[in-house]
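To keep things clear, I will list the structure first and then write my remarks on it.
Chain lettering (A, B, C, D, E and F) follows the sequence in which the chains are written, and residue indices restart at 1 in each chain.
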Amino acid sequence: MWTEMGQIVTRASNDPGVRVIVLSSTTDKTFTGGLDLTDGGALSDPRYSDPARKAFALHEHVIDFQNAISTLANCRPPVIAALHGAALGLAIDIASACDIRLAAENSSFGIVEINVGLAADIGTLQRFPKIVGNDSIARELALTGRKFGAAEAKEMGFVSRVVKGGRGEVVASALEMAKLIAEKSPVAAVSTKHLMNHARDHTVRDGLEYTAAWNM
Amino acid sequence: MWTEMGQIVTRASNDPGVRVIVLSSTTDKTFTGGLDLTDGGALSDPRYSDPARKAFALHEHVIDFQNAISTLANCRPPVIAALHGAALGLAIDIASACDIRLAAENSSFGIVEINVGLAADIGTLQRFPKIVGNDSIARELALTGRKFGAAEAKEMGFVSRVVKGGRGEVVASALEMAKLIAEKSPVAAVSTKHLMNHARDHTVRDGLEYTAAWNM
Amino acid sequence: MWTEMGQIVTRASNDPGVRVIVLSSTTDKTFTGGLDLTDGGALSDPRYSDPARKAFALHEHVIDFQNAISTLANCRPPVIAALHGAALGLAIDIASACDIRLAAENSSFGIVEINVGLAADIGTLQRFPKIVGNDSIARELALTGRKFGAAEAKEMGFVSRVVKGGRGEVVASALEMAKLIAEKSPVAAVSTKHLMNHARDHTVRDGLEYTAAWNM
Amino acid sequence: MWTEMGQIVTRASNDPGVRVIVLSSTTDKTFTGGLDLTDGGALSDPRYSDPARKAFALHEHVIDFQNAISTLANCRPPVIAALHGAALGLAIDIASACDIRLAAENSSFGIVEINVGLAADIGTLQRFPKIVGNDSIARELALTGRKFGAAEAKEMGFVSRVVKGGRGEVVASALEMAKLIAEKSPVAAVSTKHLMNHARDHTVRDGLEYTAAWNM
Amino acid sequence: MWTEMGQIVTRASNDPGVRVIVLSSTTDKTFTGGLDLTDGGALSDPRYSDPARKAFALHEHVIDFQNAISTLANCRPPVIAALHGAALGLAIDIASACDIRLAAENSSFGIVEINVGLAADIGTLQRFPKIVGNDSIARELALTGRKFGAAEAKEMGFVSRVVKGGRGEVVASALEMAKLIAEKSPVAAVSTKHLMNHARDHTVRDGLEYTAAWNM
Amino acid sequence: MWTEMGQIVTRASNDPGVRVIVLSSTTDKTFTGGLDLTDGGALSDPRYSDPARKAFALHEHVIDFQNAISTLANCRPPVIAALHGAALGLAIDIASACDIRLAAENSSFGIVEINVGLAADIGTLQRFPKIVGNDSIARELALTGRKFGAAEAKEMGFVSRVVKGGRGEVVASALEMAKLIAEKSPVAAVSTKHLMNHARDHTVRDGLEYTAAWNM
């Protein structure tokens, strides 16, 4: 699923006609319920008997997985996540890799990897705390696996806005915002996303220097 | 205008008698309406006919512009922005380069560069997201150009406080805060600003190491 | 006191039976009133007569002090600060080095170093602004020394939650949260803390790469 | 050509049977004569009439080109460049992205981009100065376009060894070295390359921390 | 052995009377023959049966080992390594962590970890390539495990000087150099080492900024 | 003197007609004998009686000094240092900030700050070790203050070439090289210097990304 998602996003990113991407689920109740843990890929492959080779295969698997999710962050057009229903585990990795997040009132979020004995390894621990404005809550959520709703998500800075209703309403809201962005110069929109990505991971001085080179 | 602002700030910074700077506008309705885009400087200069030289001239222009605004961030005394009325475009670059921001109730903010087909290139994309506590809103604002008021600015973490009234009230409030800071040891105030600037762009470990050297 | 605290935390960290640490005060009124400034250590030592050697001794003193506080951030088990009463100066350094912060309603916070002519040098200026979601308030507090209560602490993103009551209630609340975390796989909890520490000081890409290596 | 080279390297990298790669040319006189500048790709595409879109297309073109060359640096197995004859322009980008460089006596090197009015943009300016031990010569070569032979390449630290003879001899020498490496544990060889890549771009402390996680 | 070495260096570093450290071996033939691989510590401990806990124990073991070797790099006084005889494996980790390296003519060096199926993990891969001026040779040596003598060590930039003779002569030469350094102001010597350590891992600008703070 | 030098370089840098700068001395025997230590500026100013203010004045003095020397590194045109005679102390700071260094046979170099009880603080400790290919020698020279000649300077990677003769010959040689560079496209030469400066202080990946933006 996530490999395909990465490929679709890449294809859309390469199509100059695509100006914004809205990401949502096709089912009402669930954005995504998280990773199916039986999808171990190379891990359960009987060819990998010695631990070092198994570790290498696992490493490649995790890197591929991270790269697929990171296409959302690195693709040219801005991506809006329209969140609703149960959005647990992988849903937080995915949403955190998007540019803008809107949440339906009925959303139920959770960094639940800890409940199955894992540290989230596809991006949540890297992106979530840089997105929100309360590091204490970010750590509490990742360490306890406690669920949180749309209102708390807004209060801590995870989403831009809580939309009344469910999937239909939040998708409508996201599309409206997408239309606004699509009306802008695509060069300006793509540059804005690109420069904000760069700024997050660099000093202010480096970001300014890169911006001056980019706009040149 | 901005060249002059940079020079005034530099002069004030070099005067040991200046302990805090309060930045405001002289007109009630507008903090600043943003950059006059006809001020293209070297860009419209007929001497620069070939594209590479024009790009170099533009690069130098943007760097000079960035440096002028960055004097607010890098000057010795803390700078308080007393924001009010329309504060659009360049106003956000300027305010984001200040240390503390207060907003009059009547403030109207906007990262409006996208509306004229540009990515903000004077500091907003670098500083704004590191100042506020909601990256989703930061990106939404930069990508849609949507205006926002004082209350939303406070909620997302852009300003310290909303002050009832307009320019007069917010300037009074800023001056009161400035007086508080001016009563402190200037060595401590200057060091605090300097070390917080350093910390923002370094790891915690690097920041601590620099602090130990600085206080030595 | 702080040297001892560092040693206790290190010892607890080395004990695989310790899964979470809750940090609190034994007195109701005060979490900690800040550093006793007469504890100058090497500074008042008559052996250090020439300024360069005195500076070196001071440097070592500050580094030792920083290291003691940083054990909270760097130790294996997550640390929950149960804050209450007066929590000034050093209390903010300590609380900022913890993973999660809960505040009793009666808490009174303050970055008060500026009131005695100092820039905070034990971690507050490095960690506090990266924890909260309003850089303007962070700088205002460090530059004015103004006190703030539990509700404002929650609003700016310093604490996860305000707990009704005083020391007893906030410690009970912290223990409850600690129990939740202690029930999780300790490998997952320790990894989550470790990876979030790494992520705060690295780019998203570096954080992902490190996570893939760590989980391997 | 370079797109294909990137694909071949990627394929070899994914084949666990491939333990070392030796890179050479099929013609005696030339390793590579540099980039055919008429291969402008999107640049000469008439669809890109406005300058901003042309710049974006050029940007993508350069990034793709850089990525193709970087596969040599980032692929799992170590890569040995067997250099001989004329190795100009792009040859330096390619050789600098390899792990080990051997040069036939008859080699003639040059960072010749400046002769056609360009700054090298595919990796030479980034990698060459970090590989050699004389920054003054590195800058002289990039700024003057002056050619240099195998002996000078060895003296400045660009190649491991000068091999008497031409293509046949240097390829034989590279294959011998490749055999030595192929006899080692592939896990150890891949890890050594991976950790040395990481180390070059990180602090010693970060490199050690990553190594500890990797070997775990 | 290495734990003790770290402790001795730390003790010497804390003694203001110690101005320079010369590191050598007590046996003529060998500087150090490398790590005794049966010293697996926690690894062979039967308490650690499950792989995750074993990995954690191994991680701690490697970190402790790295820290012991890093005391040479991080201790206050400059450290001169007087190298002679067989100096393999761990010897390169140790020598690379010293400030200055002198080699007796009879020295025989080797990054031999690859011969036992390991990537060097105690510092060689991080420090060696930043010390020498030929990255191609650095990678060749780490990937092939090939031995190299004093003359090649000098040519690639690993040692300052080749000293005629064996252990006696190189130690005498190191002591002479140590005397020269010990005659300088200890504040200046310690600062020089400290600032060069800082500079290696920071940008030029950061290094200059730190130097200005340090000298203040 | 150095303030003036910075101003002259800045002026030359702003003049598009200046394509290369050659830096030399007007006296045969000395390139520069180092800093006149009685030029303490603000330090001996009786206005600065309390130590904190004196430290601040000293800090500003050092920063100004560093900035003046750094104009050589940061100015647009490449700078060639024609070194000859005694080139001690400040001469190494200056030469290290240039792009290319040529040395007359009669040159005598030394990082002599340690002889007067100081750590070099104007750039030598930051730039010298990143320029040369032997960190052991770099540290030895900075810690012992030992002088070294042109041949050793070439061998360790400090200069591109040793020129037979004295001032006249090395200046002639530098002018010849300057002519070669001046014949190239100035856009390419300026970009090459700019991108090599950027590359030295960034990861390979960051350098490539910046290059792609710059060339756009």
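As a working rule, a contact is a pair of C-beta atoms (placed from the backbone, for glycine too) under 8 Å apart; a residue touches a chain by one contact, two chains touch by 3 or more.
Source: prediction; values computed, not measured.
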Chains touching both chain A and chain E, listed by label: B, C, D, F
Rotation in the CA alignment of chain B with chain F, degrees, nearest 5: 180
Most distant chain from chain F, judged by the mean position of its C-alpha atoms: A
Chain at maximum distance from chain C, centres defined as averaged CA atoms: D
Intercentroid distance (Cα basis), chain B paired with chain A, Å: 30
Intercentroid distance (Cα basis), chain D paired with chain A, Å: 34
Chain centre separation (chain C, chain F; CA means) in Å: 43
Sequence positions of chain E contacting 2 or more other chains: 56, 130, 132-134, 156-157, 187, 200, 202, 213-214, 216
Pairs of chains in contact (touch as defined earlier), listed by label: A-B, A-C, A-D, A-F, B-C, B-E, B-F, C-D, C-E, D-E, D-F, E-F
List of chain B residues in touch with chain E within their complex: 198, 202, 206, 209-210, 213-214, 216
Touching residues (chain side chain E, partner chain F) in the complex: 78, 99-101, 130-134, 156-160, 177, 180-181, 184-185, 187-189, 191-193, 195-196, 199-200, 203-205, 207-208, 211-216
Chain C-touching residues of chain E, taken from the complex the two chains share: 52-53, 56, 187, 190
Residue numbers on chain A that touch chain C, as the complex places them: 55-56, 58-59, 62-63, 66, 70, 73, 113-115, 117-121, 123, 125-127, 129-130, 132-140, 142-146, 156-157, 200-202
